[in-house]
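The two complexes that follow have subunit A in common; it is paired with subunit B in the first and with subunit C in the second.
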Partner chain A sequence: MVPLFSAEGLSSLLFIVIVMTTLLGAVIATHSERLIRAVAGLAIACIGVAGLYYYLHSPFVALMEMLIYVGAVCVTIVFAVMLADPNPEEDAAAGSIFTGPLSFALGIMVFWGLYAVSGKTSWVPPAARINDGSLEEVGKSLLTNYSMVFELISLVLLIAIIGSLVLARQGRTRTGGQS
Partner chain B sequence: MPEWLRVILFIIFVLSFAGLNAAYLVWCERKGAGHIQRRIGPKEVGPFGLLQPLADGAKLMSKQLFLPKGVDPILFMVAPLMVMVPAIMSFCVIPFSETFVAREINLGLLMIFAFASVNVLGLLLGSWGSANKYALIAGARCVSQNVAYEIPMLITTITMVMVTNTMNLNEIVRSQAGWFIHWHIFRLDMSLLMPVSFLIFFVCSLAETNRAPFDMAEAESELIAGAYTEYPGMGFGVFFMGEYANIVIGCALTAILFLGGWQAPIPLNFGGFLGVLWGMSWFFLKLYALIFTVIWIRWTYPRTQFYELLNLSWKVLIPISLFNLILTALQIKIFPWL
Partner chain C sequence: MSIPAFGDSLVTYLIIAALLFGIGFYGLVHRRTLIGMLIAGELILAGASINFMAFNRFLAPDPTVGQIFTLFIMGIAAAEAAIAMSIIIAVYRNYRSIDVDDVAELKG
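Showing the complex of A and B:
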């Protein structure tokens, strides 16, 4: 047991706070009736996940999580929600009577599966850190060991760009509208 | 000095700096606007109107925090904080002088961009939460503007990181030591288009902080007060403090990346306490010169049209900054000894 007011004690406390933030954000994201609050919950969860990455000795990934997930993905989702109906419909949540029991049973099954897997796996103790998680190391591994993955991601992005271009081209004529 | 005392002193410094700075930048802005428009500006409260910010603050704080009908109460109250808190967090890594920096982390530059990206989410949630058409339009404009200008800004930053080889802000400043020709803006041997980089970065930081001529978020002649329309009292005040803190961060980054941060224009350095004062005074001189430019631009140029704004980013700034990136990479590859 480490004393609370020491470096380890405070950092453990902060770790618990970060885990709680992640969980709280996740619960808000799944349980709020208004879509926009769910996105805010997602943003909170992403900030918590960034904190977890920081505790895993990868500050670079933590900051990228903030920059991309909070700053770009959540903003994009909010933007999409803004174009939708601002007032939540009253009966949107009410599904069939089987929805509740079915999702409960599914949840139990998923939990049981994860529990069984985590129990049966022989966990290896965490090895010494592979590298210092710094920018140089991340860059080197992206361009050597994982260059294939890196290229594939760019392919996905290219497809997304082409798809959005196709969607945006429809319904806009050459003559109309834009200055 | 023990580490915990340093941290506490820094928290006090940063909080008071952010608050006082916002208050007195409003005064500077009103004085600047006045003199540019051949008026005097605030003059009644105190000598030269110097106590005006205190009066404004007292007025804002004594107003009722009124929740208009139909707003989303949680988002409405949280949104100003989401603009203010990340801005304050970013002050942690800004080197005010060589030793006067809260935390010298290696990814300082990235950290500022990561926290600055939360700012637009706050504005967006606030504008949505206030259930007002003007606010909603302002929020939509704000996102398209921020997304558009983040790209050339980040590309220019990547160019600078390629040149400096580090994201540690203090290291970046240290590499500009010596005469003022060693400041990055004059280092044509590092990248031929360095002054252009500076210009792109400054324009983008104007747009990212929603300042004129890009102040689409609160275009008062079209959208009342834009995203802030429904905000009463200190909710409005906190939004403005956040906005001014963001201006300071944008200008501080410009000063650090291009104008040598706390380096004096002559190779003269002191040790100890005098050195801290010497560095800080140069840093603040550059910072406030840039901020004055921001205010000057606001009261000199009219607001651009929204299409013009997006065209400037997508058709001019992004191609130029990409070209600049490639040119700098070539220059580093061909002349690695420079």
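Showing the complex of A and C:
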């Protein structure tokens, strides 16, 4: 416990606010009727996750989370919503049993399993750190130890771009439009 | 007045990550449109990333590994979102719907 009106206390208060933001965004993302609001909830949750990364001493990954998730992934999903979903989702109770209370029970069970595992295990902190985990060290190991993976992910992204172009183009005739 | 310092313990982050994973799993089963399932999948990926970052901060001898893994998760998630969006648009063009119950025939 730390006093509230100090630097550590205000930082703890901000941490609680960030956690609440994350969970609220996640609940909005899974529960809203309209998909565009669900995307907004996902953006809020990602902003909260970026705050959590900041508290985990990685401002670089926090910035990347904001850039990639809020800036790219959410905008991509917004485009998908605009191109493909004119109607709000109908009542989930009209569907199968999976969309009702059973899905809620499944989510609770998954959470409870992970929570029990993380509570039961005794985590052993490392004896020594070989570096401080700063951005400079991340860059060094990204270009030495993990350079192969670094190249492979660029290949994955290239294939994803080409594949999404091919998939989105199928079914569209070449002479269909005016041009 | 005093306030507990939650931000300095590993178990806090593990609980948050488990909550995000559980909410995402719930949404993945609960949602009936493809876009909703994609959003829930992103939440699951976010929970896994928080786990990696928490272990990286508190337990890893080399604190760059978790950050790099999280960056790769973000790259894979971006690629997945692009592919899923084009699949959703292709499905919508063929079926005029993105409800998973309507997309129920296998013959292409």
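Just so it is clear, the second predicted complex is superposed on the first by the 138 of 179 C-alpha atoms of A that agree within 3 Å, B and C clash if a C-alpha of one lies under 4 Å from a C-alpha of the other, contacts with A are read in each partner's own complex, and residues count from 1 in each chain.
Quick note on the criterion: contacts are C-beta pairs under 8 Å (C-beta built on N, C-alpha and C of every residue); 3 or more make two chains touch, one makes a residue touch a chain.
What you are looking at is a predicted structure, and each value in this text was computed from that prediction instead of being measured.
**Student:** A:L24 in the overlay: touching subunit B, subunit C, both, or neither? Say first, second, both or neither.
**Tutor:** Neither partner.
**Student:** Examine A:F60 and indicate which partner it touches, taking first as subunit B and second as subunit C; both and neither are also allowed.
**Tutor:** In the superposition, A:F60 contacts both subunit B and subunit C.
**Student:** Touching A:I161, do we find subunit B (first), subunit C (second), both, or neither?
**Tutor:** Touch status of A:I161: second partner only.
**Student:** Check the residue A:M82 against both partner chains and state whether it touches subunit B (first), subunit C (second), both, or neither.
**Tutor:** So A:M82 only meets subunit B here.
**Student:** With the two complexes superposed on chain A, say which partner A:A72 touches: subunit B (first), subunit C (second), both, or neither.
**Tutor:** both
**Student:** Determine, under the contact definition given at the top, whether A:R37 touches first (subunit B), second (subunit C), both, or neither.
**Tutor:** first
**Student:** Could you say whether A:F111 touches subunit B, subunit C, both of them, or neither, answering first, second, both or neither?
**Tutor:** Once the two structures are laid over each other on A, A:F111 reaches subunit C alone.
**Student:** On the superposed three-chain arrangement, identify whether subunit B or subunit C touches more subunit A residues.
**Tutor:** C
**Student:** What residues on subunit A does subunit C touch that subunit B touches too?
**Tutor:** Shared contact residues on subunit A: 60, 64, 72, 79, 81.
**Student:** Can you list the subunit B residues touching subunit A in their complex?
**Tutor:** Answer in residue numbers: 72, 74-75, 78, 105-107, 110-111, 113-118, 120-121, 124-125, 128-129, 131, 136, 139-140, 143, 146-147, 167, 305, 307.
**Student:** Inside the complex, what are the residues of subunit C that reach subunit A?
**Tutor:** Residue positions touching the partner: 1-7, 10-11, 13-27, 29-33, 35-36, 38-40, 42-43, 46, 49-50, 53-54, 56-65, 67-68, 70-72, 74-94, 98, 101.
**Student:** Please output the residues of subunit A touching subunit C within their complex, sorted ascending.
**Tutor:** Interface residues on the subunit A side: 1-5, 8-9, 11-13, 15-16, 19, 22-23, 26-27, 29-31, 35, 38-39, 41-42, 45-46, 49, 52-53, 55-58, 60-61, 64-65, 68-69, 72-73, 76-77, 79-81, 83-85, 89, 92, 95, 98-99, 102-104, 106-108, 110-111, 114-115, 118-119, 123-133, 137-138, 140-142, 146, 149, 153, 156-157, 159-161, 163-165, 167-168, 170-172.
**Student:** Which residues, counting only subunit A, touch subunit B once they are in their complex?
**Tutor:** 34, 36-37, 40, 43, 59-60, 63-64, 66-67, 70-72, 74-75, 78-79, 81-82, 86, 134-135, 178-179
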